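Quick one: this structure, given as structure tokens, is what I'll be asking you about.
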Amino acid sequence: MTAGDGVRDTLARLRADVADLHRMLTRYELVTWTAGNISARVPGRDLMVIKPSGVSYDDLTEERMVVTDLHGRLVDGDQAPSSDTDAHAYVYRHMPEVGGVVHTHSTYATAWAARGEPIPCVLTMMADEFGGEIPIGPFALIGDESIGRGIVEALHGSRSPAVLMQNHGPFTTGKTARDAVKAAVMLEDVARTVHIARQLGEPIEIPSGQVTSLFHRYQNSYGQRTDR
Amino acid sequence: MTAGDGVRDTLARLRADVADLHRMLTRYELVTWTAGNISARVPGRDLMVIKPSGVSYDDLTEERMVVTDLHGRLVDGDQAPSSDTDAHAYVYRHMPEVGGVVHTHSTYATAWAARGEPIPCVLTMMADEFGGEIPIGPFALIGDESIGRGIVEALHGSRSPAVLMQNHGPFTTGKTARDAVKAAVMLEDVARTVHIARQLGEPIEIPSGQVTSLFHRYQNSYGQRTDR
Amino acid sequence: MTAGDGVRDTLARLRADVADLHRMLTRYELVTWTAGNISARVPGRDLMVIKPSGVSYDDLTEERMVVTDLHGRLVDGDQAPSSDTDAHAYVYRHMPEVGGVVHTHSTYATAWAARGEPIPCVLTMMADEFGGEIPIGPFALIGDESIGRGIVEALHGSRSPAVLMQNHGPFTTGKTARDAVKAAVMLEDVARTVHIARQLGEPIEIPSGQVTSLFHRYQNSYGQRTDR
Amino acid sequence: MTAGDGVRDTLARLRADVADLHRMLTRYELVTWTAGNISARVPGRDLMVIKPSGVSYDDLTEERMVVTDLHGRLVDGDQAPSSDTDAHAYVYRHMPEVGGVVHTHSTYATAWAARGEPIPCVLTMMADEFGGEIPIGPFALIGDESIGRGIVEALHGSRSPAVLMQNHGPFTTGKTARDAVKAAVMLEDVARTVHIARQLGEPIEIPSGQVTSLFHRYQNSYGQRTDR
């Protein structure tokens, strides 16, 4: 098998995975109509697989997924890539450890984003998954590098794989696209729970030393060893 | 094929489309029991296809859809047309660019309508889809032209394809019935997110120049060219 | 066919209808676990068909439905009747126009009941269906006639087919069990929408003359003539 | 049949039951991703059956369930047990009447836990099921006995089979795993309803004598005699 075959196989697998993972966005009600997208980096290549623009989740097949380079230029596929492709591409160029990116407008996370308010770490599950508060990124218009740059700057000052872009919505990252989807699902869950807790008073903060120890334990010992 | 065959084919297609689109209202939980309806203009004819009154969504087949003229008089079908037919008809008579109309009592949109309060434009997704705030139409009783007139007057002062009729609920419009359904789905989504954002403080406003540039970009470049 | 056959046929049909209508309670998420029940009066007989106590909705077949007299004594069936049977029976004894009763603990209606606060009529859909505010019934312990009496007294002072029993939850009535289920579904919908409207300010009241005219129009002209 | 066969049969049945009961957690939306777990005591043995760690609910088969002793040490199974195993084990060691334990991060229950605020008994359904308020347990880090001890101490001062661990989430108990699941489902339901009631004012309290009489009636006479 030539190097070319290896890439073809990897691309085929990633197209199928990314198409399939979009079902988690509808199952957990993180997206409405066509407003959310997932991408995966092609390992070892300056390429990514991403959702086409404006296509309904019911019609997302692996054949319709598109491949772009890390400046968002179409490399393979019949369809125009997601209108958020530039932001995904910027993240892959500047965060080599990231293998997957997810963008949604999930309700509670976007509500925090509309107020430009980070989500405080008041749940053990948040400490486990996010290692502290969920940061806010700047207001930025689509169409140049400002969304991507805002995401990367906000994530660099944080343990969190998730950022809330002001007035816009969440972007999440992970080692793989599946990890980024898990972060998007857990983010909406904690955004909702902390919102509801705050409606009737102030949640109790978790001291930062205990946030750190919860984060390290969870990142190192949760799940099956083969899963990690 | 005679002109008559062409109309018959168009009517058959519109009956099937409109019946089918009602499934999006239940899927996105915009309607309860029988309280919501969709219509489509028959292109080039003073006719529309609309839901029959009081029929459950499970029982909506294309055969049960009814055809009326643009004053709401039954032209074809066995069933009485929706009790909101006069409002749909008024919109088609006065807004020639509109090809589809949707009416629901979706929860969050109706909650803003109950307070008579427009939804402020604090989300990039709202700027994209609605081009600014969602306006309020007047309180109006069913039974004459006052609902239709209220909708048309409110929409004429706005870029938004959606209006919240006071104490009543939303009406949305589009070039096609599918576009009007998309507007109804996105409206409930932004009504919910802005409501939740407002529960814990004031959302940050988006400057009106940036609302305008988001709106124009989205209306001109989102999606696949063949989709638009 | 003897009179006995007619009653047997009616009972068989009512058992099937009442069993089947419970699916609407789960579909509209009005009930949790086994906490809600529906009954139907047997026309012309001092009998009713009601859900058995503590049986899960997945296991509700027509065979498991039970028949009692209008004092809640078991007449036919292998299972103990619902623990709310006495309340249903009291309603049938004192409201001859009622043919169906539904009891749930649906979330928003029960939240108004917990505060002992009637739901104000601020939606045209409420005026249509309920003809005014949804009244509150007294706090009453299970085990004697006090729940049934509380329901009947609250409904007698109102156009509404629904009442919120304080600290407990809603009971709804109708000409048929299906009508009572519709009232339970619409009640939760308006309880939710008015709650959400009130969270961010005061809804605009609908003048009582207009509530009356909406109610009369809807009760007399909505739907298909054969449906009513 | 030898004693060994009897245990094998019991274990097989408990593995199937516990795997199956996890479906109730997703059906009632009490869990997100893999964040919730159920266990059952093996009657007459110092053993329990529990969910493996980090396994998705779609992939939970009876074969993947694991058996541990009552100190959380793996006795049978290929997978690492739930990271909450120590807490479940502590409960079984100190509460011999408990046959099942459930842990979730269900939204409304966890919101009360984040504020460290017990849920007041303002609904007849709460009085029936929980016999009073739902107590708060202490903040405790995972990794030693402090979560288990916190659960047991909070439950010993209460009639409630449910406790809200501060900043963490609910644990519920029951005679069987199914009873503990029912308590988890009802807990989220009352946590949600009381939260919503409190958003617009103060719910009316139920006098404690009446809470007691509701609790005793329900525990002794609800449901079918064969069910209890």
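We call the chains A, B, C and D, going by the order they appear; numbering starts again at 1 in every chain.
By definition in this document, contacts are C-beta pairs under 8 Å (C-beta built on N, C-alpha and C of every residue); 3 or more make two chains touch, one makes a residue touch a chain.
Keep in mind the model is a prediction, meaning the values are calculated, not measured.
The minimal number of chain-to-chain contact steps leading from chain B to chain D is 2.
Both copies, chain A and chain D, contribute mostly unmatched positions to the interface they share, with under half of the numbers common to the two. In this entry, chain B maps onto chain C through a rotation of 90 degrees when their C-alpha atoms are superposed, rounded to the nearest 5.
Distance from the centre of chain A peaks at C, each centre being the average of the chain's Cα atoms.
Centre to centre, using the average C-alpha position, chain C and chain D are separated by 32 Å. If each chain is reduced to the centroid of its CA atoms, chain A and chain C end up 46 Å from each other. Shared interface positions of chain D, i.e. residues touching 2 or more other chains, are given as 199. Residue ranges on chain B touching chain A, taken from their complex, read 28, 122-125, 182, 185-186, 189, 192-194, 196-197, 199-204, 206, 210, 213-214, 217, 221-225, 227. Residue ranges of chain B in contact with chain C, taken from their complex: 32-35, 52-55, 79-80, 83, 105, 107-108, 110-112, 114-117, 139, 141-143, 166-169, 195, 198-199.
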